[in-house]
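Below are two complexes that have chain A in common, paired first with chain B and then with chain C.
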Partner chain A sequence: MGQGVHVQELPGIGKRYDIDLGRADQRVSVVVRSGGVRDLYVFTSTSADPTAVIELSEEQARKVGAVLSATFFEA
Partner chain B sequence: MHVDLVGLGAAVLIAGLVARAGRRVGLPTVPCYMVIGILLGPGTPGPTLIEHPEDLAMLAALGLILLLFHLGVEFPVEQVLGSGRRLFIAAGCYIAMNVSAGLALGFALGWGTSEALVIGGALGISSSAIATKLLIELHRLTNAETPVVLGIIVIEDIFLAFYLALLSPVLSDSDSAAEILRDLAVSFGFLLLLFAVARYGARLVGALVGTREDELLAVLVIGLVVLVAGVSEEVGVSDAIGALLIGLVVSRTAVRERVERLVLPLRDVFAAVFFVSFGLSIDVGDLGSVAVPVAVAVCLTLIANVAGGVVAARLFGFNQRGAANIGLTILGRGEFSLILATLALGAGLDARIGPFVALYVLVLAILSPLLAANSHYLARIMPDALLRPGWRYVREETISTSCTHLDQIKITTTDVDVCPACVADGEQWVELRLCVTCGNVGCCDDSPARHASAHAAGTGHPIMQSLEDGEDWRWCFVDETLVRAPAGTPVEAGEK
Partner chain C sequence: MGQGVHVQELPGIGKRYDIDLGRADQRVSVVVRSGGVRDLYVFTSTSADPTAVIELSEEQARKVGAVLSATFFEA
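For the complex of A and B:
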C-alpha cells in the first residue's frame, strides 16, 4: 500500500486501512467489509477508543470519497 | 401432500419481526428465531402456529446444509495458514479448555458417552456470527486484539469440521467397537477425499457449475451442494460435513465470490427456518428440568472463555483489557451448538440434549453482548500475575494497532543497560527506554531528565519500548498510543 497507509486483514470481516494523518489527535481508519459496507472510524483524541464510527453503504462511500477527492464538483 | 403455508409464513414473519426488535437492543438473531419456534410450537401452551414440525423438516435440513456450505465457501484458508504459530496455540488452548469443560460436564451429567461428546462440542465451539457482529457493533475493529479474536473463531470453524467427522460414527447407530472404527475410517476417508477434490479437482468442479448467468449458477450450486450433502449422509458421514467440504471445494474455484453473494440470502432465510424448526421441537416444560445443568454449563463456559482470553493475551502481549475482550467476545454460542444438538436428536440420543442446548444458547446470547460491552470491569479486577506485570498502569486501556509508524521499528534489542545521557551528567534514572528507530537508550518520564521523551521530541522518532525486565510494551509518541505489531507478523519482524 502507499505511504502512510497500513493494511490489516480481518478474517471473516474484510480489510482495515489505517491512514496516517501525521497527528496523534486526528486519526482515521476505514474497514472495508467483504459485503461492501465501509466502517469509518474517526479518532479525534489520543484515546484508542474511536470518537465516532460511521457505517457507509458502497454508494454512500463513493459519494463521500468523490467529495473528499474533489472529483465531485457541482455549483 | 400437506403444505402448511400459513403456519410457515406466519412463523418466519414473526421470527423476523422479533429478531429485528432484538437487534435494536443488541441481541443476536439466532436465539430470537429459536424462541419464536419454542413459543409457537406444539410443545408450549398458547397459540400453536405449526402443528406438525416435521412439515418443516426439508426446509430446515436445507438451512443446516446452506449454513455449513456458506461457512466453507467463505473460509479464509490462506489467512489461517499464514496467521502464525501463536494464533494456533492461542486457539488450540481456547478450544481445548472449552471442549474439555464441556466433555467433563457431559460425562458428569451421566446421560451417556455419545451425549457427552455432543455436549463437549456444543459448549466448546462459539458462534462466529455473534462474535463478528459484536466486534462491529462495539466499534472494536481497530483494537489490537480484534485480529486475534477473528483468527480464533476461524480456527474454531476448522475444528468444527474435524469434530463433526469424529462425531459421525457416534451419531450413526453402530454398536460394536469394530463398527465404530470402520465408521470412523469411512468418515475420515470421505473427508480426505473431499480435501483432495478441494486441492486438485477445484477446476473440474468449477467447470461443472461455472456459468456467466447468475440464475444458472445458483441452481447448479444448490443442486451440487444438496447432492453432496445427501451422499455424505448415505455413506454415514453427516450431511453437515459434506456441505462444509463442498463449500471448501467451491471456495477454490473462480466462481467463489459470486457463489458467496448468491447463496447468502438463501442461507439466511433457510437458516432462520432451521432455527425456528429447532425451537418447535422444544417442549417449554422440559426447560425447567435442565436449568441446573445449564447454569453449571454457563459458569464453566465463562471460566474457560476468560482463561482462554488470558492465554491469548499472554501469547500476544495484550493487557488485561485485551484478555477480557478476547474471552468475552467469543462467549456467544449459536448456530454450531444448535447444529450439533439437531444431529444428536436426529440420531436418537437422549432427548434432554434439545432443551439443554436451547436454554444454554439462550442464556449466553443474552449474557455475551452485555459482558463483552462491559469488559473493562473484568479488566479492572484481573490479577497482574496472570498477565505481564508491565501493564499495571494501563490495564483498562484499549490497545490499538492503528499506529501507522510500525514500519519505523528497526531495532528491538540493545546491550546498553544505562542511560548514557544521565551517566554523562552524573544523574540518576528510574527506568530505561529504547528508541526502536535508531537504538538510542534514554531514561523514562519518571526519571528527572526524561531523556527518552527528549530524544523522541528532538529526532521525531516515533516509537520507544520499555527495556525493563518482564515489560514488553511500546509507546508511539506521535499517535500517543500503546502499540502492538499486528497479528500474523512475528514481533521481531523488523529486526535487522
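For the complex of A and C:
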C-alpha cells in the first residue's frame, strides 16, 4: 500500500491498515474484514482508544474512499 | 459522485460531501478545500456535532481513500 501504511494480519478477522498521518494526535486505522466490511477508526488524541469508530459496507467504504481520493477541482 | 453523496458548494472554501450511510447515527462528511486539504468529519451519534474531525493533506487523503476503496483479498 506504499509508504506510511502499516499492514497487520488479524488471523480470522482480516487485515488492519494503520495510516501514518505524521502526527501523534491524528491517526486513522482501517480494519478490512474478510467479508468486505470495513471498520474505520479515527484517533484525534494520543490515546490508544479511538475517538470515533464507524462500520462501513464495502460499497459505503468505496464511496468514502472515492470522495477522499478524488481530485476534482472546478475552481 | 453517484447515489448517496450530497454535494454542497462552500463559497470561498471548497465543497462539502455528505456521504449517506443509511443510518441516522453514522455519517461521514468530507470538506475538500480549494487548496486540496480535506477535513474528514465522522459522526457516530445523531448530534450535529462531529465525534471526530481530522485534517488530511491531499496525499494523506489519497492514502486513506486507497485503503477504504481497495478490494484486495488474499484469503
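Everything that follows uses one rule, which is that the second predicted complex is superposed on the first by the 69 of 75 C-alpha atoms of A that agree within 3 Å, B and C clash if a C-alpha of one lies under 4 Å from a C-alpha of the other, contacts with A are read in each partner's own complex, and residues count from 1 in each chain.
One rule holds for everything that comes next: contacts are C-beta pairs under 8 Å (C-beta built on N, C-alpha and C of every residue); 3 or more make two chains touch, one makes a residue touch a chain.
Being a predicted model, the structure only gives us computed values, none of them experimental.
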Quiz item: Is A:Arg16 in contact with chain B, with chain C, with both, or with neither (first, second, both, neither)?
Solution: first
Quiz prompt | Per-residue touch tally on chain A - higher for chain B or for chain C | solution = C
Quiz item: Is A:Val31 touching the first partner chain B, the second partner chain C, both, or neither of them?
Solution: first
Quiz item: What is the contact status of A:Asp39 with respect to chain B (first) and chain C (second): first, second, both, or neither?
Solution: first
Practice problem: Give one of first, second, both or neither to describe whether A:Ala48 is in contact with chain B, with chain C, with both, or with none. | Solution: first
Quiz item: A:His6 contacts which: chain B (first), chain C (second), both, neither?
Solution: first
Quiz item: In the superposed view, which residues of chain A touch chain B and also chain C?
Solution: 4-5, 19, 22, 34, 43, 50, 53
Exercise. Under the touch definition given earlier, write down the residues of chain A that touch chain B in their complex.
Key: 4-6, 8-13, 16, 18-20, 22-25, 27, 29, 31, 34, 39, 41, 43, 46-50, 53
Practice problem: Name, in rising order, each residue of chain C that touches chain A in their complex. | Solution: 1-2, 4-5, 14, 17, 19, 21-22, 26, 28, 30, 32, 34, 36, 38, 40, 42-44, 50-56, 58, 60-71, 73, 75
Quiz item: Tell me, which parts of chain B touch chain A in their complex?
Solution: 74, 76, 79-80, 83, 128, 132, 135-136, 139, 141-143, 146-147, 150-151, 153-154, 260, 397-407, 478-482, 486, 488
